[in-house]
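As structure tokens, here come the structures.
Okay, so chain A shows up in both of these, paired with chain B first and chain C after.
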Partner chain A sequence: MLSPAIMRSNALSPMQSSGTTAASTTSLSVLPDAAKLVFRGKTEAIEAAGAHFGVKPSLEACRFAAVGGRSVYWLGPDEWLFQAVNENPIEVFGGMSAALQGQACSLVDVSHRSDGIAVAGPTAALVLNHGCPLDLSLKAFPVGMCTRTVLGKASLLLSRSEEHVFHVDVWRSFAPYVWQFLDEARSLS
Partner chain B sequence: MLLINCPYCGPRPEAEFANGGQAHIARPADPMSLTDDEWAAYLYMRDNTKGLHHERWRHANGCGRFFNASRDTTTDVIKRTYRMGERPEAEHQGAKP
Partner chain C sequence: MTGTYRVRRGDVAESRNAVHFTFDGKSYQGLAGDTLASALIANGVHLVGRSFKYHRPRGFVSAGSEEPNALVGVGATQSRYTPNLLATQVEIYDGLVAESQNRWPSLETDAGFLNEYFSAFLPAGFYYKTFMWPRTAWKKLYEPVIRRMAGLGKAPAEPDADRYTQVFAHCDVLIVGAGPAGLAAALEASNSDATVILCDEQAEMGGSLLSDRSASIDGMQAADWARAALDELRKRPNVKLMSRTTAFGWYPHNFVGLNERVTDHLSNPATNQPRERLWQVRAKEVVLAAGAIERPLVFTDNDRPGIMLAGAARTYVNRYGVVPGKQVVVFTACDSAYRAALDLKAAGARIQVIVDLRKSVSGYWVDKARAEGIKVRSDSIVRGTSGWLRVKSAQISNAQGGDAETVACDLILMSGGFTPSVHLFSQSRGKLSYSEELRAYVPGESVERERSVGACKGLFALESVIESGAKGGRDAAAKAGFPPHGERSYAVSAQSVGADAFIGSVMTDHQAEKRAWVDFQNDVTAKDVRLATREGFRSIEHVKRYTTTGMATDQGKLSNMNALGVVSKQIDVAVPKVGLTTFRPPYTPTTFGSFAGQSRGDLFDPVRKTSIHAWAEAQGARFEDVGVWKRAWYFPQVGEDMHAAVARECKATRESVGIFDASTLGKIEIVGKDAAEFMNRMYTNAWTKLEPGRLRYGVMLREDGFIMDDGVVGRMATDRFHVTTTTGGAARVLSMMEDYLQTEWPDLEVWLTSTTEQWSVIALQGPNARKVLEPLVDGIDLSADAMPHMSVREGRICGVPTRLFRVSFTGELGFEVNVPAGYGRAVWEAIFAAGKPYGITPYGTETMHVLRAEKGYIIVGQETDGTVTPDDAGLGWAVGKAKRDFVGKRSLSRPALVREDRKQLVGLLTTDPKVVLEEGAQIVLDPTHPIPVPMIGHITSSYWSATLNRSIALALVRGGRSRMGEELSIPMPDGVIKAKVVDSILFDPKGERLNA
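Moving on to the complex of A and B:
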């Protein structure tokens, strides 16, 4: 078995210390690694998954629910992302998998696929809008909303945890691009 | 930018979507009984409508789901979007089913 250190390295760790030194009101930070599972299935199975995970998944479109370090993001009408910050993916997957025994659903461990960035500050929405065409006003994109969308040439999962804090979850190979894109955008705004 | 109303997520920018070609083309129930010409027609022949056209779209950078849209090909106005399995409204059935 591979050691966890070999199995997992954050694609953004070299980026954290680089970047513009321009004074900006928006901060970028790398989010801690997390166990991430993509679930697909119908209502009965998602209820069982939520009960085991300890977070009730949102059945409303484009919303996420969080309890402590655990959160569940709505991705599509039958698709959710389960995320557990700083937990071992193998253990989280094993527990969920056992709890979903006999249910018609799919569960995939995607912990190694993406890395997270927090974009925080009063102009965070403006910075994101340099490459994201969504309306990020509080009315159209309230706190608690999440959605997959685009930023420049990259596809990513965008969520708003506080009025001035957005989380970006982006695939590893796009992560340095997105970081540099946001870094450049915040130096302009 | 054009806004497209995803039946699951609501109005979203066009950049999040991918076009999936003409909608409501049913796969023949028994392909083996078809002539080569009939099979080729099913595979390749599509309407080139001027006016209202029913087509498939996918919210590729969003919920990832396919849905149908009734779009006017002359004005690019999308009159209505509806989920897979639903039929276009009678008033919009200008194009061939």
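Moving on to the complex of A and C:
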């Protein structure tokens, strides 16, 4: 019997080695696996969830909060994404579920639903703007902002962790398209 | 030698490198910075095309994007060939290959000019008239001959080798046009914290300033001032300058499409450069500084090569250092042509005469021309010309008629005043108003957040142009929330050319208007326009369509106002009453490549693949598209066709065990204390009593009572459901649920999360399924007693967590193994290895379809078409009759939905078991009935069943369930097929196998 870590495959594994060789100031990299939980529920419950997780979720729209490898993304008025990099989804889910016992909320493990890509470099915003219609200037999309949006014909969660670093979280079956799209865009900008 | 018509005039000419190119196979030399037009004119070439309809020789009319005649094909290879580019915009580079179009065998001797002799038979509306008669001419004449001769350029024969991109951009102020008004607007708007984009369609920014040798600004010559202003703008970090960039379309809420031509002017573009970039700009405020376009005059034979707009000649001589002719006749209705004549004279051309339509002429420019010895003839017209491949002379007479004087010339300049470029303003839904003085439409009331400045607003004096640009720039920045830090002043020294203008035809003799062109590109004459009005067309929109004036690729930039003038005069109705045709994007022709952008090849559409896809691919699976998913269709072995492969897969699954990738099924996790109540309201079934650990087949309706989706639902806990949907319905179902939850039942404590991609789903079906699975599973008792049909358990498989469903879509003992998607491939391979001793057989969607059809299981979208109720589909048992309400419940009791003769799902067995019916075929009672034969139903599914060794079919038949045993007819092109109505469950009707 194999260990789960060895068995796990990422939809982007084949992409990493097949990028264009064109020199670009923007880099693409696959983000490490993470435990990802979608929380939906009432405000009292989100506070309890945050307290257990060790990261205070933003109540402001389109913002994320992070402590170490753990972060919480605001996705909607009653929806947050809890992410713990390199942690075991079952353990994180189990702990959270226990802490939220009796609370008016829903917690769903989506750790395998999506893959992450880091888009980094001084022209990262321009590269993303090849398919994302949002204003990605620092003024309109500051560090700490996150939102669900589109890139070309794929939906994704976009967040900005540094001035020149964006993270893209995209459902697995769309991940190769998004990677290729970004790779094409960076080779032309 | 760079051409005999080159003069030392433009300062660009001082140190320009020689550039070699070919036109129609002949080598020419131009200078860096030339357009193809200026380089050809420098070499004395004016003949560049043949007209669309009559194939008359044509030359350059303009020096810009309004050019109607000089359409060329550019590109040395088919994969980089572009037809219909404007020679006045194409920048030359070493190795450029260009050719003329619409001529055969050559530009000089084109057979198509024969149309000229038949012109009497090709009147306005010719194309519409041919629709009527004679019918036989369609095949022999119209299609083969006219279509070929009337073509405009040739589409390239190979796929485009270039890449294109699209980029979204945002700015506070977008300024369209970098002439004097646009530059002033940019200087003012960017003197703030506003982000500014300034775009211009030309290679060099500066607009009319680049061609102006008489005006000065801030003590500098106009062109030098423009360059200084651009240097200043370049230094500002909040400004983005975009040359070779056409703002081609206005879309709602200040969304403007810009097309940037990145590499067309380069011999050797870098590999990281797209050919074109489509910018989709959302601007808080827009300043339109699009300028104005000079109007031709309509007179007999005004289309010969060597007859061009006065301003264009001025641009060629002042900006490119090229004199378009040496013996010049000028025909004008305004002062600006005098200015052009003086510039040409200064470059060495001889001005034979200036013919002015106006009764009396005076003022600075007239006086200056006279002072320089130029003959000026007022109240006169050019009423004809001679010369075939190049103009040779002009016939000049009094405006009212009388004897004509013939004056030799190789160039005729014309000017009827200027038409403001209100295209983008009009596209933004701004209201236009007609200016009697300018004989043109100017911007009236704005609808969007934009303002027009300079010539596109109808201002032509340089001082007021710059003033309005500066004001517009300041206003735009302030309205965007960034008041400029100050104002600057501009010391403008320029002599006004006034605003006189003329529209319509100058001819008094209507007979002569047969050759007086209004629309050069579409070959429409003043006579054609007049004919249209005589045939009853009064609205300009109708005249346009009947005569095709303004319908060419130049969209009537030169012709629209003159056509309006002709109509207005003919029917004696004021111009604004005649109307104005609609301005539509794009402003100038835009490539398909630009609109396609990155969306080609692999990036045309996302292709969704499951984590097991690569395994199936390696096994040689054929795939089918389901939405944008790729699903394994069947797994042919060497020498097998689809029929053989599917028969083998079916047999193996029924006899031992088959494995199937069901990962694409939609999945939704529904959690909360009101989860069961929510399920009760969304689905027809009753959910309250479903125990945790059990599955149920659920049916979902739209409000109209028709089946929308279906799927198996697992109750994981009292407050948690694992819902599955059809592959194609996943997003639709989630949206509808979310919609109801947010708008109808916000009080329910229940939340939805899409888990489609969280889970890989491996279906294991067949009598040996349990034996294969058992050794791999931890913590779940798979025995029939512990885990009956339609139950779900959580545990581990191959060491990873699973939600294990016991469910069957084949009628066999079956399981669906849900594992987190990242483990899908590994678990699949482990199951496949464990199944080897049982001859485990991978099967695809086709086998899945056959196996379920044998059992009479419906597929939403195949057995249903949006008009099928649960009862129609034989699913009445799934409707919770005792439930108070659910979506679609009330509709189910509508009279039409309870009629007994509704189409109902039945099985059909053909009399000849070897005949497989065609899906979609219609079913009738009496095939001998006279046409139209009443149809009582149609085939929804039809397959060869290896299990039953005969063909099977499902069908929706009117009153089908009461027709059991009846023989029906299916008329097909090669005969009528007979089939008997049977129950829709054709295999194992008691369900003994799936409960094994």
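Here is the rule we use: the second predicted complex is superposed on the first by the 183 of 189 C-alpha atoms of A that agree within 3 Å, B and C clash if a C-alpha of one lies under 4 Å from a C-alpha of the other, contacts with A are read in each partner's own complex, and residues count from 1 in each chain.
The working rule: a contact is a pair of C-beta atoms (placed from the backbone, for glycine too) under 8 Å apart; a residue touches a chain by one contact, two chains touch by 3 or more.
Here the structure is a predicted model, which is why all the values come from computation and not from measurement.
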- Thinking of the overlay built on chain A, is A:94 touched by chain B (first), by chain C (second), by both, or by neither? neither
- Scan A:24 for contacts with chain B and chain C and give back first, second, both or neither. second
- Message: Which partner chains sit in contact with A:149 here, chain B, chain C, both or neither? Use first/second/both/neither.
- Response: first
- Task: Determine, for the superposed model, which of the two partners chain B and chain C contacts more residues of chain A.
- Result: C
- Please indicate which partner A:76 is in contact with in the superposed arrangement: first for chain B, second for chain C, both, or neither. first
- Message: By the touch definition at the top of the document, which applies to A:133: first (chain B), second (chain C), both, or neither?
- Response: both
- Query: What is the shared patch of chain A, the residues that chain B and chain C both contact?
  - Reply: 79, 133-134
- Residue set of chain B touching chain A in the complex reads 1, 8-10, 12-13, 15-16, 61-65
- Query: In the complex of these two chains, what residues of chain C are touching chain A?
  - Reply: 163, 165-170, 195, 271-274, 280, 282, 598-599, 602-603, 605-611, 614, 629, 669, 671-673, 749-759, 798-801, 820-827
- Message: List the residues on chain A that touch chain B in their complex, please.
- Response: 61-62, 75-77, 79, 133-134, 147-150, 155
- Task: Would you pull the chain A residues touching chain C in the complex into a rising list?
- Result: 1-4, 7-11, 14, 22-24, 33, 38, 40-42, 78-79, 89-90, 104-114, 126, 129-135, 137, 140, 152-154, 171-174, 176-178, 180-181, 184-185, 187-189
